[in-house]
Structure formats: C-alpha cells, structure tokens
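Two complexes, one shared chain (chain A), two partners (chain B, chain C).
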Partner chain A sequence: MTATANRLPLIYGGLVLLLGVAVLGSLMLGYTIYTPGELWDALAGSGTSEADTVIREYRLPRAIVAPLVGAALGVAGVIVQTLSRNRIASPDTLGLNAGASLAVVAVSAAFGTSSLFGLSFAAASGAFLTSVLVFALAATAGGLSPLRIVLVGVTFAGLMNAMVEVILTVNEAELQQLLFWLSGAFVDRPLTLVARNLPLLAVGGLMAAMLARPLDALQTDDATAQSLGAPVRVIRIASFVAVALLTGASVAMAGPVGFVGLVVPHAARALVGSRHSEKLGAAALVGAVYATAADILARFVIYPTEAPVGAITAVVGAALLLVLLRRRAA
Partner chain B sequence: MDKALNGLTVDTLSVAYGARLAVDAISLAVPKGKITVLAGPNGCGKSTLLRAIRRLHVAKSGCVLLGDTDIGKMREKEIAREIGLLAQSPSAPEDMRVEELVRLGRYPHQAMLQPWSKDDAAAVEDAMFGTGVGHLRDRRIGSLSGGQLQRVWIAMVLAQQTDIICLDEPVNHLDMAHQIDCLDLVSRLNREHGRTVVLVLHDLNLAARYADLLVFMKDGGIVSAGSPRELMTEELIASVFGIQCRVIEDPVHDRPLCIPMRNSSPRFEVQG
Partner chain C sequence: MTGGAAKLSRRAPVLGNLARDRARAVTIVLLLLVVTILMLLGSAAFGSTWVPLEKVVAVLSGGGERMERLIILQLRLPRVLLAVLAGAAIAVSGFLLQKVTRNELASPSVLGVVDGAALGVVIFLALLSNDSNALIVSIGWQPLAAALGACAAVALVFALSGRQASSAVRLLLFGIAVAAAAKSVIMVLLLTGPIYRTTQAARWIAGAVNETNWGEVQLTALLLVPALVLALIAATRLPPSDLDDVSARSVGLNLPVFRLVIFALAAALTAISVAFAGGVSFIGLLAPHMARLLVGRSAIAGILASALCGAVILMGADLVVRVLFAPTEVPAGTITAVIGAPYFLYLLLRKDRLNG
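And now, the complex of A and B:
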C-alpha cells in the first residue's frame, strides 16, 4: 500500500465534512444571517414566514445547484486534462462555455427570450453543438491527437467569444441581464431546473466512473496506451460525450462558471495523485466545496449587492493555482 | 489454452503509410523463448514491423499469427495479455509516481469497475522487484534518471505478464553503462522467465551481443535472418548498412564484433 492509499479515507472524509459545512454555510449566510436553530425551523416548516421563504425558496436551491455544478465541472476538468494531455486545459478549452454563451446570446437577440428555461435550454444545446463541432474537426485528418483537440477547441472558443461580443454590442438593451448570466450564477435557479438536468449529470457521472481506468492508460502516449490494450479512439469519444454531458448540464443550470474545471483537477491531483479512480472522486468533492464556498463569498464581497460567482471562482482559482504552482504540485 | 505456447509468426505481412509500403511482404517465424533483434538502417521498416507485430499498425495484407490465431481478429485486451510492447519514446505525466505507472501494466487484466486484485498487486510487486525499482515506488517519474526511468517502463510492461515482449529501441537515450544494464535486464528476463523477446536495436554490436536470432532489414524487407555469426559478415553489413567495416572476434564475449571504417555510399559529401 502506498502512502496515498492510506490517506485516502482521511482525505475523502475531510472533503465530505467540508462540503457539509459549506452547504450549511450556504443556507445560513447571506444578506440575512440565520442561526442553526432558525435554519432547522425553516427546513422543518415551522419557522417565521420570512426565514421560511428565504431559506426554502432562495437558499436551498442554490445550496443544491452550487455543489452539483462544482462537482460536474471538477470531474469534466479532470477528463479534459487527461484527454488533451494538457494541464491548462478545461471545459473552456474545448470551447463548451463559449458555445453555451453564444447560443444564449444569439437566442435572446433573435427571440428576446428571457425565460430561464429558454436560456438554459439554449446553453445546453450550445455546449453540445460545440462539442460535436470541435470533435468532428479534431477527428478529421488528425485522428484526434491531444494537440489537435486543444487547437480546435481554443480556436472555436475565441471565435465564439468574439461573436458574443459583437451580438452584445448591437443589442445593448439585453446587455445588463445577459452579462450577469454570462459570468455564471447560482441565484434564482428553481429546483425544477435542477431536476431537468439531473439525468444528464447522472449519465455523465456514470460514464466518468466507467472511464476511470481507461483514462489512467490514456495518460501515457498513444502507442503505450494502445499496447496496454486501451482502445484509444473509443476512450476519446466516450470522454468527449461525458464532458459534453457534465458541462452542458452545468451551463444549463448556472451559466458558464469559469476556472472550476481548470483549478479543481490540480487540487485533486495534489491531494490523491494521478489515478483516476481516486482523482475523479476527489475532483467531484473539491469542486462541490469550491463552488459552494465561492457562492457564499459572492454574497459578501460587494455586500449588499451580489457578485457573479464566476468572477469569484476565477479570482480565487487564479490565486489557488499560483499557490499550487509554487509548490510545484500543479 | 495458451496461444503463446504456439509462438509468433509473421506471414507475408505488408504495412503501408499512404501509398508507400513500410513493410513489404515480410515473413518471419519468431523463435519462442529466444531474443530476436531487428536491425537495419534508418527507415528500413524495423520499428514498423515491431509495431505491426503488436497490431499498432493494421496489416495492408498478410497477417501476424499467434499460434494459429490472426491477431487482426483478437480483441485489444486479449492481445495485450499476450504481447507487451515498450514504445520508442514512451511518455507519462512527470508527476506520476513510479508505482502508479507500473500499475498501468495491469490494465488488460482488469475488467471495467473491477477492484484491484491480489494478482494485480503481486504482478506489480514482482515487476518492480525484477527490475530493481521497488525502492523508487513513491518517486515522481520526472525526478528519475534516464536509466531508472527505462527500468520503470520495463517494469510496467512486465506487470502486463505477457509471454512475448517487444521493445522498440529501448537503449536509445541511455549512456553506455545504462545500455548494457538495460539489455542485461532484458536478457535475464528472457533466460530466467522464458519470455520471448523482440528488440529493435540501432547498435549493430549490441544487436550481435544479445540476439539469438538476428534479422537484417532494408527497404521494408528482410535481407537475411540467422545467428549473429552467420549475419555479421563484412559483405552483408556493407550491403545492408552501406558501410565498410571489419568484423573481428569480440575478445570478451563469444560473438562477432563490427569495426566500422567508412561509408561505402557517402550521404554527406564534404565540400571543398
């Protein structure tokens, strides 16, 4: 047994504990701060009407959405980094967030849709469509090499982000509302939206678990991976699908929350090492804690106004990444 | 029944890169439990042949037989349990630990979602012990020397527990001491564990020293195959490698030794 294997239950236990604390914090902290007693009463349905409404209608949904999105993006990030053999890759690198943003902006410019479900559907479709496009282009003539995947993804991301800017510039009326959406948020997400995207997350998560060992092999070069008996091409296709499902569901629920998919894999690797059976689970937990904590922070940095959570995850993420790099763990 | 008991046969195999045939209708019986070395000038198709033996290249025509089974019809993991291959410049993330890398060798023995077994653990321990890298198990592979790293990669292939092991220029980036160290390790695996070994080697003298069967290749075909003593003649070496040489008796090992003299067909003319 290695040192890591002995520490594993401790690390997982610690992360679960942290997640519990973060979720409780997410329920209690905000514009109004509630005591544990008030929280309990509200959840049990016997609190004051105001606390009832705030906790059950506003805080509970985001205390569910935030960890789900964080976990999904963390897992997607691990898969993308192995798929592209690139430590600075994330679902953003594949252009999925840019695709989601473009779809949302284009749909609201064309139809003036401002219903949350409309935007959410557009976001998921945009992410899926982009993953299909990137995959198809990376697969032609280059046989899905990691470098090609990144190049095509980055090119698409740049192109689509530019188009988002253009559309926003000519549609200033919608700008304010869309800008908040475009930096990602867990505010005002009804639980029906979560329920609708839960199947995508479940399938994506199951695929990730099944991909754990193949992804281990894919960390080596193609010839070695294939010599080990890993069907490299099939693994890449399945990884693409899993990432599209997880990221698509995430943007549908919370918009493009940046940096989670980039930072979390580094933290997970620093904690448990490079085996995916351990790294994917750790990434899910770290991502959940990270997104939930960022969501709490978003309520206080420009109090009483709420900051977009995507800005928080980016700022904290950048700092975290620098620390990891200094320790040479990243 | 164990297919590898029946040995490995290459049957009029051709492999194409686009329109060019890199391997042109080669037939070769790989002797079981021996060391076969493929040698030849750059671009002669020796690496392609080795990779095709492990089905990393698809045959254009002909086939590779394991016993009487065409490997073209086998499943990925099935081949990987019979034939291991160490690629020419294998790579893995630098922060991966030695034991994590060696454990990858168990991939073809594991079903999806099946937990790590006692057999897996034993195979990894044996492989690390056999290659002498046990004490490095918690080191990151990026911190190893070239010689240590090559041993770790060989340990990974050993953990695969295949009867046939292919190594593509395993000593390419190693200094002289580590070249001998690495090939001694390979030859010990062959002698003590009866593994069939197929090697691609650049260095003709190393090839002659370690090969039971030496295969000279040129332009995608086999020029000659036989014992090192049969093949290491001044005429044959001149025609295959394009170099004039003297072949003498290695004073230490009971093998022929080639002393290269000058290029018989100069590719780099000196001007002026």
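And now, the complex of A and C:
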C-alpha cells in the first residue's frame, strides 16, 4: 500500500498527461488532419472557415463527450463490481444499457422519433426506469444481496435486449439506422446535449467520491462490513443511485458504449490497488483516456467511414484486458 | 449422555430435511420431464395448421394420414427436436460453467464460444457471397463455419490463458476478452456489408431452429448425446456443494485438471448446439439458476433440471414465434428471454433459497 501511495502522484500525473494528449489528438486527427498551429487558430477563432467549422462544431463536442462518458462508465463499473462482488460484472449487468436501448427502440418505433434530444431523453428515462425496477425487485425479496442484484439485473438485461430484437425484427426498416445508435457513438453530439446531462454526471460523480470509503467496507463480506460499523444497506442503495446517474447520463449522451465499465476497473486496480479512494479516481482517468482513444481509432478503422465506437471500445478493451491478464495484474 | 441425546435429536430433523429435499428434487425433475414431453407433443400439434393431439400420437407411433405425417414428421418434428437438444445442451453447459467457476454470471457466452461461432458465420456469409449477395455455396455449410469459429475461439482462449486456465475467474476474463474482440469484428463487418447480410447474420446471432432437416438433427444428436452423458458423469464427480479447492481436495479431485475437463466439455456442448441453433446463449445463463431454485444444489438433479428447463424454454420460444409472429420470421433465440425471464423472476422472488 505504501509503495502504491508513493507512486500515486506519478500515476495520476501520467494519466492526466495521457488524457491531454488524447484530447489534443481527438481535436487534430480525423478525415482531415490539422497541425497544432491550425488547431490553435481555429480554437482562437482566427483559422480558415473550414477548419473553424470542423474543429469547433464537429470535433470539440466529441473531444468533450468521449472523456466524460468514459470517466462516468469507468467509475460506474468500479462501483458495480464492488456492489456485486463479481469481477465480470459491469453497468450492463444491471440491465441499464438494455433498458436505455429498449426505450430508444420503442419510442422510435411507436412515434417515429429520430431527433437526437428525443432519443437521448428516452435513453436516460429507460436507464432510470430499469434501475428503479431492478432495485425494487432485488430489494423486495430478502434484501439486497449481491447475488440477487446481479441475477435480477441480468434477467432484466436479457428480457429487454430480447424486446429490442423483436421490435427491430418486426420493423426492419429502422434496423440499419438504429444499429449505429445501439452500438454507441460520440459523433454529432451538440454541446447543449452535454450541458443537459452535466448535472446528472456531477451528482453521480460526487456521490461516487463520497462513497469511496464506505465501498471499501463492502469489499469484505456483509458480516465483517457490519461489524466495522458500515450501514451496508444504505451504502448499497447509494451505490445503486450513483451507478444509475452515471450510466444514465452516459447512455443519454453516447448510447450504450460497451465494455468500458468492465475493463476499466481491472486496469484501475492494476494501477493503484483496490482502495476506492484511489481506484475511483484512477478509473475515471483511465476511462476518459480509453474512450477518447477509442473515439480517435473509430475514425480510421474503416476510413473514410466512421466505425461505431462501441465496436472499438470492445476491441481495445479486449486487448487491454489480455495485457492485464497476461501480466497477471487483473 | 443427555448431551449426546440432545445432539442426536437436533440432528434428526436435519437428516429428515435431507431426505425430504431429495424426494422433492426427484419429484420436480419428474414433473419437468412431464412438462417437456407435453411441450414436445404440443409443439408438434400447434402451428399454422392445428393437428389434434391424438393424431400427433398416432403419427408418432407410425400411423396417421399422409398430410399429417408430412406436417409433423417433415416440418415440425425436426425443429422441435433440435430445440430440445440445443436447449438442453446449452443449459447443461451453463450449469457446468457456473458450478465450476462459482460465478453466477458465468454462461456459455462468456467463454467466447458463441461469439466465435457468430464470427465464423459472418465471415462465411461475407466471403462466399457474390456481387448480388447470393451465396455461392449451399447454406448447409453454415453450421460448419459456426463450428469452426467456435473451435477457433475456444482454442484461442485456452492458448492465451495458458497455465492460467485453471483459475476460474481468469479463464472467464480471457473468454470475455476473446468474445468482445469477435463481437467487434462482427459489428464492423455487418456495418460495412450490405443490409441483406446484416439481416441474415442477425438471425443466426439471435438463434433459431426453423429450416432444420432430419440430417442436421441426427448429426446434432450424434454429437450431443455422448457429450451430455459425459457431462452427467462429470456431474456425479462434482461435490454436492459448489466446488471450492478445499472441498475438492477432500473428495480426492485434482481441481485444475478437473476444471479444464469441465471447461472443455462445456465448450464442446455449446459449440455443437450453436452450430445448428445459433446464439441461443441466454438459456445457458438462466436455466441453471432456474434449476437451482427448483431443485437446490444437488449436482445430478441440477444438471437434469437444467437440461429439461433449457429444452422447454427453447421449444416454448420456437412455438411462440411460430404461432404469434408468423409469417414474420422472428428468431426463436430472441424470445427465449421473454419466455424464461418472467418465470425465473417469479422463482427468485418467491423463494429465499439462494443461500440454501
């Protein structure tokens, strides 16, 4: 622990630096590649009109959305894995992404809504409704044991994904257009959308920070946690709310971006150990770098077309997970 | 003396409970068997034309009119039997994985087998289609492509994990990584390919048992029945409680090797069933939990109950898509969750046997 504590500023510093590089890369790289000078001019408002438009209206929003979503999902993932005491759990396990997808698909099938704000609102509502449902069902029958939370969540995830599939199969015309949304994307997200979801992220992040110490107690079994004086039930409820806020806001901004919430906790633990006061911060930074890097890669994998960022996060995450596993760090 | 008597009288009800639990488990497995058989007969009877149950029985025992024989023996029975086999095999695979990893989220899909098979199918559709999107070889080769993909994924998972394969959570994480990589390649291939291919691949990925012929059923049965018997034998070697290293050593098991054998068996069961039925993997997650809630933690009752639950769910899903959604061909795999989830939630909420 002490060795980790000494390395801590170094690790955080390194991650912040990486994030800076990633954000710069996200602004400069893409269909057209700009030099740092052109980037500076565009941001200052004195560039060519084309660079001005591309950077300020197209790339700046996604350079903001990607790290926010990555950080939120990384933190949510850490909380879920502690809450469920399961290292292969993620926000998807609680059914939140499936609920968001179902709401989006149902709303666009029923009302033909395709406006970004409509879909975004549907996604957030779907995620919140699902979290309330999963929470209520897990709580009614004999308390909030980790096993019960996971089982109810997974069942809802399966159920809702199935409904998504059925709706998509029955209205095949919408398939292609929604498929892109359903795999997550940071493209064409205006900053007003970010602004609307920022309060959710802020509250969720704040709750996560306040939960850091209580979550440590939850890593042991219930009896030990209780004997340490931790109000286990209250911590679980608060954790659930934090996860719902963070995941709901991310899915509203970028759709269900998979795999971030699963891998980032492993990377964070490999870097700083398993104390939440250190792990949550590291998870936020790793998640931010990871999502931003994936977003840059998504522009080049099937150049000149954009790949869905969900596919890239999965592939990058798989590679990261393999590296961690091979080094026996996960 | 009195202390001993008190101890005995305290233990007696426990033994009584054990006997009662066993009788209960046997009763439930038998009930499930009856439900499975009824479901099988019902699946043969229902469809676009209704064949009365007594005529179904007549056809099955060799009689019946020509039309009814055609409908039941050629159109309905192959897909029903494939649903039974694949549903049971996936469920048993999930049961073995959950038992041996002691992770409630373990299922055939996290070993990378299902997504590997799906990638095999997508590559098959992409490589062997001509410019007008027609396949240049028979669709009959598709199961082979799926099986190859599944084997490649399993081989990759074991090769990457190497000596770490004996650790349960690590092997699961390796499987998840391989599955995720396969899934993203699929996503990119589907998004860049023509819409027709997307639809066809999406059908496979969801899983369906329509368009099954007798040859496929025979081949599946030939491969699956021995694997299922092996699984049952393996189950008798499982300690009654979930397998941890101490209890395994105490019953004389070499746990790392035993785990590897079980993993390989689970992978084989999944590969064979998804080759023909597609990605029906949700059954593999749900059915074992359902079985545990129904019959408790006994290994043999658990494996039998899982198999029967899996068979009933997939048959039920296939029946629903045939009756409710016809003529739209909704893949049965998508409905499995809709069929299984409500009953599972009911079981979960009704009882508090999870720690029992």
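Worth a mention:
As a working rule, the second predicted complex is superposed on the first by the 329 of 330 C-alpha atoms of A that agree within 3 Å, B and C clash if a C-alpha of one lies under 4 Å from a C-alpha of the other, contacts with A are read in each partner's own complex, and residues count from 1 in each chain.
Keep in mind that, in the parts below, a residue touches a chain if its C-beta (ideal position, glycine included) is under 8 Å from a C-beta of that chain, and two chains touch if they have at least 3 such contacts.
This one's a predicted model, so the numbers in the text were calculated from it and none came from an experiment.
Looking at the shared chain after the overlay, A:G273 reaches chain B, while chain C stays out of its contact range.
Using the contact criterion defined above for the overlaid structures, shared-chain residue A:R213 touches chain B, although it does not reach chain C. Contacts of A:A230 after superposition: chain B is touched, whereas chain C is not reached.
Touching more residues of chain A than its counterpart among chain B and chain C is C. In the superposition on chain A, contact of A:N86 is made with chain C only, not with chain B. Touch criterion not met for A:T247: it reaches neither chain B nor chain C.
In the superposition on chain A, A:G310 contacts chain C only, with no contact to chain B. Looking at the shared chain after the overlay, A:V170 reaches chain C, while chain B stays out of its contact range. Those residues of chain A whose C-beta lies close enough to touch chain B in the complex are 2-4, 85, 209-210, 213, 216-217, 219-221, 223-224, 226-231, 269, 273-275, 329.
Chain C meets chain A in the complex at residues 103-106, 110, 160-161, 164, 169-170, 172-174, 176-178, 180-181, 183-185, 187-188, 190-192, 195, 198-199, 202, 206, 282, 285-286, 289, 325, 328, 330-331, 334-338, 340-342, 344-345, 348-350, 352, 354-355. Within the complex, the chain A residues that touch chain C are 86-89, 93, 137, 140-142, 145, 147-148, 150-152, 154-156, 158-159, 161-163, 165-166, 169-170, 172, 175-176, 179-180, 183, 258-259, 262, 266, 301-302, 305, 307-308, 310-312, 314-315, 317-319, 321-322, 325-326, 328, 330.
Those residues of chain B that touch chain A in the complex are listed here as 51, 54, 56, 76-81, 84-93, 95-97, 99-100, 103-105, 107-108, 110, 112-113, 137-138, 157, 160.
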